[in-house]
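One chain, chain A, appears in both complexes that follow, with chain B as partner in the first and chain C in the second.
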Partner chain A sequence: MLPNRSRLSVLVFLLPPLLLYGVAVLFPIMQSLFLSFFSWNGISDMEFVGLTNYVRMLTADDVFWRSFFNALGYLAICLVLQLGGALLVASLLTSMRRGRELIKTLYLLPAVISTVAIAFLFVRIYSIEPVGLLNQLLHWIGLGALERPWLSDINSVLTAVSAPEGWRFTGLYMLIIYAALLSVPQELEEAARLDGASRWQLFTKIRFPHIMPVWITTTIMATTYGLRGFDIPYLMTNGGPGQSSELLTTYMYKTAFTAQTSATQAPSPCSSSSSAWSP
Partner chain B sequence: MTAPAAPVTRPRATPDPSESREPLRRRRKPSLHGTLSRVIIALIVIVQVYPLAWLFITSLRTEDDFATGDPFALPKAVTFDNYARAFETGNLGMNILNSFIVTMGANLLIVLLGMMAAYALQVLGFRYSKFVRSLFLIGIIVPVQIALVPLFIDYSSINLLDTYPSMIIPLAGFALPMSIYLFSSFFEYIPRETYEAASLDGAGPYRIFGLITLPLSVNTVVTVVLVNSIFIWNDFIFANTFVLSEELKTIPLGLQNYIGAMGKTDWTATFAAVCVTITPLLLVFLVLNKAMIQGLESGASKG
Partner chain C sequence: MKKLFRTAAVAAAAALALAGCGSGTASDPSNVSPTGEVKPREISWLLSRPADGAVINIMKKLADDYAKDHPGFSLNLITTPDRPSYIQKLETLAAANKLPELFDTDATPFAQQLAKQGKMVDAEKLLKSLDVYDDYRPSALDYQRFDDGSLNMIPFQFELEFIWYNKALLQKAGVSVPKSLDDIPAMCTALRDAGITPIAIDGQDQWPLERYVAYQPFREGGPDFIQKLKKGEAKFSDPAGEKTVQWLASLGKAKCFQDGFSSQGYSDAQNQFTSGQAAMYNIGTWELPSLATDKLNSATRNDIDFFTLPTTAGSVTAANEFVSPSGIGMAVNSKTYDPLVSDFLKFALTKYPSEYAATGALSPTTNVETAIPANATPLYKKALEHANDLGNKQAMPWDTQLDPTTNGRLQQELVLLVQGNITPEQFTSTMDNAIAQNAPKFFK
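The block that comes next holds the complex of A and B.
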């Protein structure tokens, strides 16, 4: 604590950020929670209904559960691609001598591209008419049987909309994990090597335990971003075909802003999913 | 993913260091492992970069070539017509200007307010600082969608819909927690003695902020600005929800205009438009990329 500070100076520094945060984040969350106990179509008077919205959402709304499980699947694919890919590349990078900077830059490149552009790009990658990159590649390596319109096949669509999100941010997490790996003490690794530890042992016994705190932070980050995922599924398939790629976020958005008839439900998915998401 | 790769190399990699007990550093890495990791890295880099290169190449193709040709082939003829059509169809210049205004406005708030909050929490300190800090940090995990409906209602009641602030406020608000986190963890590393010495010389909290904290934080500022710019420049959800008029549309919304404008999507022109809109951010990124990577890495190793 600074010796010469006054209560006023603390307020001067603290109030403006708190104000913005309150207006943009805290207050809307409270409002969402508040609205979820009412039945309201946006025009007429609000009517207090208690937990009815929640009950209806949890018991009578199939789409909610469908999109809930889809969101989990989406999250799982994103995490595997982002964290798995990040850990793999970061570990391999530490053993490289040259070109590290170049690879870090190239790897981070997709993060700069807007989701709308990425959605366009992947629509073409998955397309079958004219034949897109993925189907062409499968054809070449002799897996022609797997060729399909990835985005209109209900079995592949969830994977197809999750992969771009995973692809996009792998580089970001790779950088963070790479930095953590570099901070593993050299002496420790050296000593283990002299004792005859294999690379795999070195990784599981020394490196990974050492980066554990960073790994946890990264996992939390990737999980929250994964649960926030919206743009790419919304733009590529809008939840379709049917509800096979509907996520909680896209469902929430569509209920609130497109389907007029069910406007009363809107606040309820918002707040309940928020309570489900905050640990 | 790591698991299968590593054990494969183990049998050959282990005997060397254990048998000859000399420092491993002096010799070259075992070649199998080295080659394998290079191949894997190269493959992953291709997966990361090729789609972007393909995007650019496609923007130079003729429409016929795109519709019929092999997607991996190089274009038969290079044409810039797509770019001409891209500029005719949309209003790319205005979209870029709007994105620029929103990004600048939000960044200004994020950096200034983030730094102020971190200064109050980390340097000044006060009784409930722990509580306030966790209040801010909750924001990192809150999904933005939850605020859309209430914000929409609030904006329409104070006539703020369809304005720059309607995008800037939530973008800055939701980015603030991460910014505070990054600044706080940086401020931790400014030695106490610096502040104490300045205090003894009679400097108050405002002068210390202006003369010590602010100048020392330049690197963190660059990191915060770059990371946030990526998200804000590309923001889709707030712009799509709160902006209706053509004159305020940012790049992601402008790009959407290309889809199905005439029933059928002009893909080559769309890709040309994508290339144009990517360029400004990409240039900034490539120029400042080193500063950003360093900032991210140092933030991470402390976290």
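The block that comes next holds the complex of A and C.
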């Protein structure tokens, strides 16, 4: 129990950020929740419709479910590329003797390129008319049969829009995991090696368990970022063709800001937070 | 827990209070000649036009001229050229009742709701009171009108949309200019067989493909079809609707558009055409400076020509009736309309046409002649001449007609239909359902 005086000082210090949080985050959320029970397009009369918007979203809106499953697919691809890629590169780095810094910098580079540039870059890479890098490569190695307009093919588009996001942050997570791998006690590894442990055993029994806490944190971070993925798919395909690369976030954006019919995720027009996730 | 509930209750109450900010009082939108003294101040125009385009440059200059005689006046131009972002901004400001003195909008269902609430000045009365109404091209004004014929937006442009083509490529494939819309699929097949991309299209922006869905119904049923379709009174399963769906599917089957068009942008498509890789390209006179001057690639410059929207057998609209938009219009906010805004508009609107025509663009009025640039090819003049020979009907772009949700769905489904990912039947049923679900809310 804190003495009274310091309790007051805690309150004094906590109150301003709490107020700010309440006004900037809590209030818009509550307001959106409140608006979701209405049918309103911003300028029409507000009509109370109860749970109709939710019922429609969950039972009659095929695009909602499509984007829900797309978002899961997008997340899975991002996680595999980011965490799997990061772990692989970080493990290889620890066994490298020279050029580590260069490799690290090269891998981290995409994380500092602006999203818009990345989106345009990959639109070019995936292009077929004029032929882009990916299709050209496939052609050169004799896999010409696989050439396709990656962003227009409904079977490949989700993977194609997820890959840039995954590629982009691989370097960042690689750095974190690499730092964790460096902290694995050398004497432990040495002892295991003396006992005849293989490299795989060394990895699964000593290294990976040791970096587990870092791994969990990284997974949480990557999942959070993956779930709010918006800009790259929005810029590259705008959810298309059809709804093949529509994510919950892009669909939400369209429903709230361009469709303006249902208040499922209605914007709060009177508060500045309504443009929080504009690209 | 108790505290949380209290917070929630406070938030909900505040939300209710704030929600009230959506409705505001408007002054009489038909009072176009406000009386009183002209008091110079800063006025704003929220617009969606290219930042360095002719309209903005001219209006800036006119505002500066006006400010010389009216110290203290200034025109604040806030432009958001990206249309979806602009619409978001406009709708948010409209909901907050914070629209500026002047704002751009198409004749969309949303704008019509604003007009019905008396938030926009009656533009017909305004133009008549300024004595400039008769100068305007009737079709430039008609483009801005709502379904009921009311006019609340003032046009600043006038454009004609043509299908540009490459004579050499058509000749190479042994095809001629299509006489009917129905000839195009076969033409595409012949071009593809000759190794040529038939049509270059900007699929990323979605409106270019949406133009194609409007063509067959405009020829088959005239301008009324979309008016009925958007309200759910006509369907895609009706003859005119079915014809357009089948036609689009056949365009897809004949591989009319470049591979992977859905992710290609405006300049990609234009480059394909101007570099001689694609045979046709559907675009308006706003591209004359790049298609009909010596800026055009010299390799293709002499091969380029255009034709207007072909008719069909039994077409109810004539060959000189096609898409002739006057661009996004400018609405005048009735709440902030005062002697100053009125006086400035009078000054600007009388001087604007001659300044605009001097840039080589088509004025929305007929009282000035467009100056043809020195570096123009003969096509420039030929294109402008079509403006003097237009019929009474015009094909409206569907994206300004449909309610936003249906429009979004249509743009998505069109790509799937043309790519052959869905059948015409699936397209028809999805779209008829979407209209049935969304139209009543907008057009009640």
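The criterion applied here is as follows: the second predicted complex is superposed on the first by the 232 of 279 C-alpha atoms of A that agree within 3 Å, B and C clash if a C-alpha of one lies under 4 Å from a C-alpha of the other, contacts with A are read in each partner's own complex, and residues count from 1 in each chain.
The working rule: a contact is a pair of C-beta atoms (placed from the backbone, for glycine too) under 8 Å apart; a residue touches a chain by one contact, two chains touch by 3 or more.
As the structure is a computational prediction, the values presented were derived from the model and not from experiment.
Peer 1: So, A:I113: does it touch chain B (first), chain C (second), both, or neither?
Peer 2: first
Peer 1: Touching A:G240, do we find chain B (first), chain C (second), both, or neither?
Peer 2: So A:G240 only meets chain C here.
Peer 1: With both structures fitted on chain A, tell me whether chain B or chain C touches more of chain A's residues.
Peer 2: B
Peer 1: With both complexes superposed on chain A, which partner does A:L35 reach: first (chain B), second (chain C), both or neither?
Peer 2: In the superposed model, A:L35 contacts both chain B and chain C.
Peer 1: Taking the superposition as given, does A:K205 touch the first partner, chain B, the second, chain C, both, or neither?
Peer 2: neither
Peer 1: Scan A:K254 for contacts with chain B and chain C and give back first, second, both or neither.
Peer 2: Touch partner of A:K254: chain C, not chain B.
Peer 1: Where on chain A do the contacts with chain B and the contacts with chain C coincide?
Peer 2: In chain A, residues 26-27, 31, 35, 42, 130, 257, 267, 270-271, 274, 278 are touched by chain B and also by chain C.
Peer 1: What does chain B use to touch chain A in their complex?
Peer 2: Contacts found on chain B: 1-2, 5-7, 9-10, 13-14, 17-18, 21, 23-25, 29, 33-34, 37-38, 40-41, 44-45, 47-49, 51-52, 54-55, 58, 66-72, 109, 113-114, 116-117, 119-121, 123-126, 132, 135-136, 138-154, 169-170, 172-174, 176-177, 180, 195-196, 199, 203-206, 208-209, 230, 233-234, 236-237, 241, 251-252, 255-256, 259, 267, 270-271, 274, 277-278, 281-282, 285-286, 289-290, 293, 296-298, 300-301, 303.
Peer 1: Would you tell me which residues of chain C are touching chain A in their complex?
Peer 2: 7-8, 11-12, 14-16, 18-19, 21-22, 84-85, 87-88, 91-92, 94-96, 110, 113-114, 117, 197, 203-204, 206, 258-265, 272, 403-405, 408-409, 412-413, 415-416, 419, 421-422, 438, 441-442
Peer 1: Inside the complex, what are the residues of chain A that reach chain C?
Peer 2: 22, 26-27, 30-31, 34-35, 39-44, 46, 63, 123, 126-130, 149-152, 154, 236-243, 254, 257-261, 267-271, 274-275, 278
Peer 1: Within their complex, state which residues of chain A touch chain B.
Peer 2: Against chain B, the touching part of chain A is residues 1-7, 9-10, 12-14, 16-18, 20-21, 23-29, 31-32, 35, 42, 80, 84-85, 87-89, 91-93, 95-96, 101, 103-117, 120-122, 124-125, 130-133, 136-137, 167, 170-172, 175-180, 182-183, 190, 193-194, 196, 198-200, 203, 213-214, 217-218, 220-221, 224, 227-228, 230-231, 235, 249, 252-253, 256-257, 266-267, 270-271, 273-274, 277-279.
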